[in-house]
Every structure is written in C-alpha cells, then in structure tokens.
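A, B, C and D are the chain letters, set down in written order, and residue numbers restart from 1 in every chain.
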C-alpha cells in the first residue's frame, strides 16, 4: 500500500505540477489558438451558470446571448441591426460562470480581458459583482456592459468611462410599483413587505416604501419581513402576514424564493387576504402558471416579456427564443438582448473602415446612445450617458384557462422620466426629496 | 545541511517569484497576488492544525482584516498598503485575542463549529449594515507604497511585491515560532494535553497564542486580498470562504510554511483553469482534485516539495 | 528529621454522597521514600490526584514546603516542584522518546507567560542536554529515536517518570509505577527508577500493590482503607499491623521479617 | 394570544423541518464520528428525486395519496443508492483518518455531487407543489394552517419515536448504541463495525433524501438548495450535541421556536437567531445539550 500510495502520490504530484502549468500557462495559449483572425470580435459573457441564481437569471441571460449572437452573426436581426455580427466582423463569445467570491469574479474578469483579450465584457447579475468589477474595468479600460444587476450605486458613486448599463436600474421598478399600486387600488390603507435579507431586497423595499411615503403619506406600513436569502421555509412569515391587516404585500423575491413563497402562501390562502405586488414576478410566471395568484401585480424590471410593447422586433425575438428553448424569454433574456444591441450599435457607430475601433472610440459612441429593441426604446440618459432609462410597465396577472397560458392584463406604462431620477441626482435622494421633476 | 539547503531553495523560490513579475502578464500577477494573500490565511490554519485544531471560521479574521482596510481607507484616507495591511492584521489579531478566551477552551469538531458560528454572526451583522452596502459591499481605495502611487501594471507589480515580502517575513516568523517552545508543543498538545498540563504548561494558553497568530495572519491575508481585489463584501465571512481555506490547507499539508503558498497558488490556478475550461462543472474538478489529494497525498502538496524531511517536520518539533 | 516537605491536614474528598477520601493527615519529611498501599478504591489515587491538583479537595489543606497548594491548578503545583507519573503512562505517542523528553525539559524551562514560550527556542542547549542525561539516567537511551507509540510498557513507564523528573521536582508522586509489568521485570524497573530518583534527591511517594516491592523500596508505608490512612510507619510496622493484614496485604507466611532494605 | 399560538405552530413546523434534515447527520456523526457535508447532497438528490416522481405522477388524475408515497419512496431509493455508492466507493478508503480530513472528504463528495445534479437534471428549477396544495388547509381562528405542514410535524414526531424505538428495542439499534458508546469495546465484543458503518451511512443518506423529498413541494427545487441545509443541520446538531438523536430533537425545537418568535416579534434579528443560539448554547455547554465530556482517565 505504502509503495502504491507514494507511487500514486508521485503521479498525482506530477498531475498537480501539470495542472498548475495548465492553469497558469496553457489557458492563454489555448485562448490564442482559439482566437481566429482579427476579423472577429471577442465578447466575454458572464452570468450565473451554477448556483441558485442560474435558473432565474444566469441561464436565460446566457440563452438570450446565444440566440442573439447567432442571429447577429447570421445577419438575421431586424434592421437597423441587420449588419453581420458587429460591423461585419463575426462575434465570438466566451461564457464564464459568475459564481464565487468577489475575488474570483474580479480575477475571472481580469482573465477575460488580459488573458483571453476579449473586446468587451457583457454580464453580471449580482449587484455586488457589478460594483466589484467596475473599478477594474475602468482601470483596464475594458469596455463593460452590465445586463441585469440593479443597483444605482454604480454610476452614482463616481462617473465611469468604460462601464455601461443599458438596462434601467432597480429604482424605477419600485417607484413604478408604487404608482401602479395606487392607481389600481385607491382604497389601500396599509401594506406590508417581504424581501430577501440582502442588498437587493433591502434596496427594493427602501425605494418602494420611500415612493409610497411620497405618493400616499397616509398609507401605513404594517409588517416588514426580511427572511434570509434562499431560506426556503416561510411558515412563520406567512403566519405573520395572515395576522396583518394590510391589503397589499410588496416583494422583490425572485424565482426560487418567489416560487417557494408563493406555493407556501397558496397552501395557506394568504393571497385571498392580500394582493401581492411582485416587482420581478414576470420571470416566474411561466413556471408558476396557474399557481401565481390571479390579480397579483406583476413587474418585469422594465418593459420586458409580456409587458414589452408589441412590436415587430419583440415578436421576432420571442419567436426565435421560444423556438430554441421552448419557453418564452423572461426579462433577463431581454436585458441581455438589449445590452448586446446597444453594444453592437455603438461598435458600428465607432467603426471606421476595417480597423477595429478602440474601446475609447466605442465608449465615446456608446455614450448617450438611444435605440429601439425588443423591449421598446431605451436611452442612456443618466449616469453621464452611461445608464439607460426606459419606460416601464406594470400589469395585473391572470391565468387564461382557455388558452392555458399566463397573461398580464390592464397594463399601465410609465414614461422613463416618470419613474427615473433626472440626470445628476442619485436615486435615494430623489425619492427622499419627493421625486421632484417626475414627468408622468 | 538540509536546513541550509531548504533556506537556499526557499530564497531561490522567492527571488524567482519576485523576478517573474517583470515578465508575467497582468492577470497572472494578480492571480498570484490573491493566491499568496490567501496563503497567509492558510499559514494561520496550519499553525492551528499542527495542534489538531481546525477552524471552519477563519473567514472571520479574513473578513475583519479586509473590512478594516476598506473602512480605514474610506474614513481616514490612509492609502499606504503596508500600514493598511498591518492595521488589518492587527485588528483581526485583537479580535482573535478576544474570542480566544472563549475558543481556547474548545477542541475538535466543537472548536470548528463554534468558530463557524462566530464568523456567521459577523456575516449576519455585515448583511444588516446597509450603510456599508450590505451584501453588495463597497470598494477599497487604490493603495500607495511609501508615497509611491503607481497605476495599472505598475500597481499590480508593486502590490505583488509587497505581498511577496509580507509572505516571506510571515513565513520566517512562523518558521521561528514552530521552533519555539510554544510552537513546537503543537504536536504534544494534539497528542496528550493532560501531560502538557502536568508538565506545568497551560494548554489553553498555548492554544490561545496560536489563535492570535492565526488571527493575525488571517487578517493580514484579508487586508491584502481586499487591496488586490479592490472590493469587500460580507461573503468574505461566509462559511464557504472558510471551507475554501481549509480545502487549501489540506492540499498544502501542515508540514512547513512554504507549502501554504504553493498550495494556495495551485488552488487558484486550478480553479481559474476549471472556470475557463468547464464553466458549468468546475466544482466537480475541484472536488475530484481534493479527493485525490487526500487519498494519495495525505501529507499534502508539501510532501512533494520537501519529501526528504517532511515526515520529521510533521512529527518532530 | 528535616522539616516536612509535604504536610497534609485533615484532607477529604466527596463525590456527591460518595466519600473518596476522609480525614487524611500525613506529613512527609524531605528525601523520604514513602510507599502507599491499599486495595483498589481505597483512595490512594484520589490522594495523589488531590496533591497534584487534578482533584480539588472538599476539605482539609495541603502544604508543600510550607506553602499552601490546596486546590491550585495542576500546572501551578507542577511548576512549584510537585510532579507525578501516571498509572497509564502519559506520553506523546507521535514523538520519539528523545523528543518526549525534550518537550518535558523545554516546558519546564520555558516562561509560562503569553510571549515567553514564543520567545524561548524549543531545542535549547540546556533542554537537549537535560533530555539526554535523563535518558541515560533512566537507562532508555537506546530507545532515543524510536517513536513513543511503539514502546514496550516498561519503557513507557520509565519515559513517563523520566518526563516527570525533567522539571527537577522536589516531590514526585508515582501512581502504580509497576502496574502492567511482569513480576520478573518489576524489581529491575523499580531499581532503575529508585536509583535515578535517589540520584536526584527527590522525595518520593509511590502507590504499589506488590508488598515485596514496598518492603524493599519504601522507608515508610502508608496503608489506605476506605478513603483514609489506617496505618503509617516503617514497612515492618505497617505490614505487621493486624488491620492491614486483614484488609489489604492478607496474612503473610514470611511475616514482616524486618526486610527493610537499607537505602 | 394568537401570536403565541402562531409562534408555537410555526416553531413546530420549522423544528420538524430541521429535525428531519438533522437526524441523518447526527446519526452518522454519532456512529462514525464523521461530520458529513455530503448530507446536503442527499437532501438535494432527495428533492430532485421527489420532483421527478411528482412530475411523472401528478396531473394524471391519479389519487394524490399515491403521489406522496411514490415521491417519498423514489427519493429514499435514490438516497439509498447514493449512500451505498459513497460509502463503498469513497468513505471505505478513508476510515480511520483524522476527523477533519473526513469532513473534507465529504466536502469533496459534496462538490462533485453538486455538479452531477447539473448533469442529470440541468440547471433549471423544478416545481413540485402539487402535494402541498393537494393537502389543503384548515382555519384556526384568524390563522390558516396548511395540512401539509401539520403532516410535516407528524412525520417528524414519528421519525423521532421510530428512531427512539429502533435504538432501544431492536437488535441493530442496540448494536448501534454499543458502537456509539464505545467503538473499541464494541469491536472487541465481535460486532462487525464495518457492516454497522455501511448500514448507518446508508440510513443517514436515506434520511437526508427523505428530508429533501418532504421539503421539495414547499420549495422550488433548484441548484444550491443543499448548501443552505448543511449549515442549518450542523447548527441544530451542534446545539443538541453531536451524535445525539434526542439532542437533534431538542436543538430543532429550540431553533424552531426561537426563529418563529423572532419573525413574529423582532424580524430584524431573524438572520442571527440560529447562530446566536448555537454560540450561546456552546458557551454554556461546550459539547451541546445532550452530550457530556467524558473526563480522561489517568
């Protein structure tokens, strides 16, 4: 045994040395090998491929990217995006998992930029990761487009030059939620909230409560619940809410937790007592189907999915996506598509002749860009032209028994200026100071 | 003889590592920087492990060190990397000294569980403090070096060299500690505490010292990691972070100080390699590597680097 | 006779309702070798455990060299110069014999405060020298580099006692030094131990079941029964004592034929 | 009053959940002195197994009862297979190693199994709500309680009773108790510890899978559900005392009630409750509530 052991030890040892060399040395070599003539544009695409956030955000995001890039390379995207790839040059994507500590994420970002020499990085679901990556992106002058993370802090902390976010930030979701709620339920006297106990949940609740404070100071807050992220068991929370008198429940839960909560509250008929307003509800309706309580107020983090304006472009996107993955695209897919389109546009605007534009040129072209995509028109109006704003929409959920599919009815659209802070004001203060200058 | 040999080898290794920075691409340097910073934490775990103690809560000190740096940088505008690192290590060391009065009474799995509980409580506290960005955390200032404020590649290299230097010093000091009474008594402690007590030495005091040392190293590692990453968040104190450190410790082996850093570097490389090659199955690769190492390299990577004297090192003070 | 090095007054220990030791009053002059006899559960080990601080007496006092050591933690008592060996040898299995000794020597020399034991080197010249001397003294030098875990019982015992001696104690308590040793070896073992201890001028209290060994090596014998001392005197006197014969040693053909070996 | 009642019920439900996930862990630790991180994987596989079974069975107009049964049985079979493979394939090779190394071995197994889940079931999440909703609910004053939750409490109680009975009154149970009490002696008395280990590990795995199966209908079965469970179970077991069944029960009850109380009365502290309680208990009783430190004989 001992000999065998040490022999195998030796083998394993050499394996180790090998791997370390592999990890450190050959990967870039392979990257070089993989990277075809300068003709093609390399994109690093980062999203959750493992872990609890994979199925709600990471995977739809990646799928959105896959299908979109495929269409772009085939030149099949509707005009004005019908140029092949990015300005005629093929797009080549490298997909990376977002899972891991901030250190991992930052390291992997650096690897993409310096080792694999991608021309731009699109991705990131977690706001924490977006914040962690931003300074490095700036330092490396690496063109970066965040597609899903919601925190407004990125462009509020300081102006950025190489970091963009086409998708509107999370403030608008909750401001619009408040407006829609008050429009649909004038009789509401008190509301409660259940949000995950981490930045996303806390910010969502702060914005929503703040907006309510401004729009309807008389309406009171009853229960404020912050269960642990991915807690899975909400018995106590449901009971607490059952004993509450408020007519409305605000939640920014998503996928896993949202579904778990919905099942458990359904089993105890909470939705018969209060209306649920789910700011990210849309991402879950295709799995929840008839389990999502009828009459819930549903958001999609912008005009995405069923809340997207009915346009040629949108129908096209829904079709290619559903045909491939036989489930309709949810908002992360839309956000990814929009981010890609924005980048494509900027890239093509910046491209002169055959030469690849530098990231500075693309950034310059990207600034303040405005375009129409599957989720309607978006304008990089705030954050010094780096942060997109768009109209948003809320609607009321209903499961259509005949068609046996979810639908969202009496949709209300809120113009961008109505639910977003004007340029140069940070979201928190804007809400605190009574959402001045909101044009509705 | 063997000793001289090892010293020569180590210094050669160090020199090579230092020079490498001039030729390696940025991403490799930063990978190494983070790996070596974590190596300090692993070194701290080794100090404990030799006495038969394994902490599943080392992330506590890692996180405290990191947050100390981030906050001091934020509030006082202090940017000198070395000072910040020392502050990080110091604050973690203090905390270790405090909780030491408690932890030093525990052994085996109970020690592990209690340290885990402590680090998770810190996690909870940080998640609760929205003013510090809750789980999003916040960014760390770009460090300066004795007044020298480099950027881009230069910054990378400077920080890398600082980390190398600190690691070297730490390695020397810990090596010396292993040869001191307190350090050498690790194995006697693991073997037979009662005897140690009846020879007139307080076991819990010995362990307390080890806790403080490992806390210092953990904090220092966290501080440097924070500077290298440029961002801190509560996950640094989550139990999976501690798990990762124990993982590396097993890979490295408790033999002596150098493997801590080699092991950490190997781990980072493998992880990054796995991320690039199997974006969705990297955990499987990590798991298999860990398993194989435990099965066939029970003494860890260290046993490859320093085969000849390794067992004696592990056994003998 | 010099001033008592150890004097125990009215010592008692009870576990709940169970009385393990009661009104023990003994005083031991320096350089005496005292044998402690008594059937199992008579309170011999309890007695030793109380003196060395492993158990806290419920009543009575223990003075060592005139200082009250009652209820101090064992390491403090050890540091003051009272050391002990164990019925089951307490050694460091994964170290070699030499390293065991070295550890013992080093510990006793190291300052006990927080930084002290970090600053003092482990293999200091003194501790190494002391370790080797002790190995010679206890005649186990040939095992110097064997892993302790592999040692035969006899050697373990010697090592255990040797480690106890490393701290240069003035008083040493041996808990059944010959238990688990074959009859043949016992005498040699005790020979080695006792000559070593004599050489170090250490006052000794040893617990022993074998009356012949007691007769041979003790200058004085304490007989324990039911948690207290029922006889105390020269081996001859004690072993001749009727209650001792009835309750502990059993009637003996050879009687206590004055077999006190000169020491 | 209502709140008090709510706290009690919610506490019991949560305690039931904790007990079901913790019992397997504590059993394995008690007998084999292994802190089994892979327990999280058993839970995960149980949940996915249940999801698969439910997917096959429900919405076909078959009687619901059958669905519950199939769900649980399928999951437990999965757990049994998994446990057997792990024990024979991996644990066997490392018995007798350092306790901590053992933890790391199971951690490695956990990492590998996490990705096997992706290979088998893909990264998407599964809905398994049918049994939960099929069970319906009852009104108690202002509260509405889910029958499924009440069932959960019952299952936990049954499990506790069954394990108590098994340990006290069955031959194998006594063997286990012997091994738990003193491995060496047990071996000396000719108990085949190897077999005992295998059986124990498999039982632990089955219990873990059962936990996953029972929880599946209440959650979205998705990646990473195991991770959360591990630490929960650890905490519960540490509070009650490693390797003690009654300890696991007590730990589960304490944590359950405390958490429920926190949610109802001071929601802010919910996040700390478990670790707070754990630290507190360990402070007062370093070895947990139901385990005493055996002083070394010298």
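In the analysis below, a contact is a pair of C-beta atoms (placed from the backbone, for glycine too) under 8 Å apart; a residue touches a chain by one contact, two chains touch by 3 or more.
In this text, all values refer to a predicted model and were calculated from it rather than measured experimentally.
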Which chain is most central here if centres come from C-alpha coordinates alone?
B
When A-B and B-D are ranked by contacting C-beta pairs, first place goes to A-B
Going by C-alpha centroids, which chain is farthest from chain C? Tell me that one.
A
Averaging C-alpha coordinates per chain, one finds the centres of chain A and chain C separated by a number of Å equal to 75
Distance from the CA centroid of chain A to that of chain B, rounded to the nearest Å?
35
Whole-Å distance, chain B centre to chain D centre, using C-alpha means?
33
Using CA atom averages as chain centres, what separation in Å is found between chain B and chain C?
44
Interface hub residues of chain D, defined as touching at least two other chains:
114-115, 118, 123, 268, 271, 298
For chain C, give me the residues that contact two or more of the other chains.
90
What parts of chain A, by residue number, touch at least two of the other chains?
49-50, 197
Which stretch or stretches of chain D touch chain A in the complex?
2-3, 6-7, 9-11, 13-14, 17, 114-115, 118, 123-125, 127, 129, 132-133, 135-137, 142-146, 148-149, 215, 217-220, 222-225, 228, 259-260, 263-264, 267-268, 270-271
Which residues of chain B touch chain D in the complex?
49, 54, 102, 105-106, 108-110, 112-114, 116-118, 120-121, 124-125, 127-128, 194, 239-240, 243, 246-247, 250, 280-284, 286-288, 290-291, 294-295, 298
In their complex, what parts of chain B are in touch with chain C?
177, 179-185, 187-188, 190-192, 194-202, 205-206, 208-209, 315-317
Chain A residues touching chain D in their complex are 49-52, 54-56, 58-59, 197, 223-228, 230-233, 235-237, 239-240, 242-243, 255-257, 259-260, 263-264, 266-270, 287-288, 291
Per the contact definition, I'd like the list of chain B residues that touch chain A in the complex.
25-28, 30-31, 34, 127-128, 130, 133-139, 142, 151-152, 225, 228-233, 235-236, 241, 265-266, 268-273, 275-277, 279-280, 282-283, 289, 292-293, 295-298, 301, 303-304
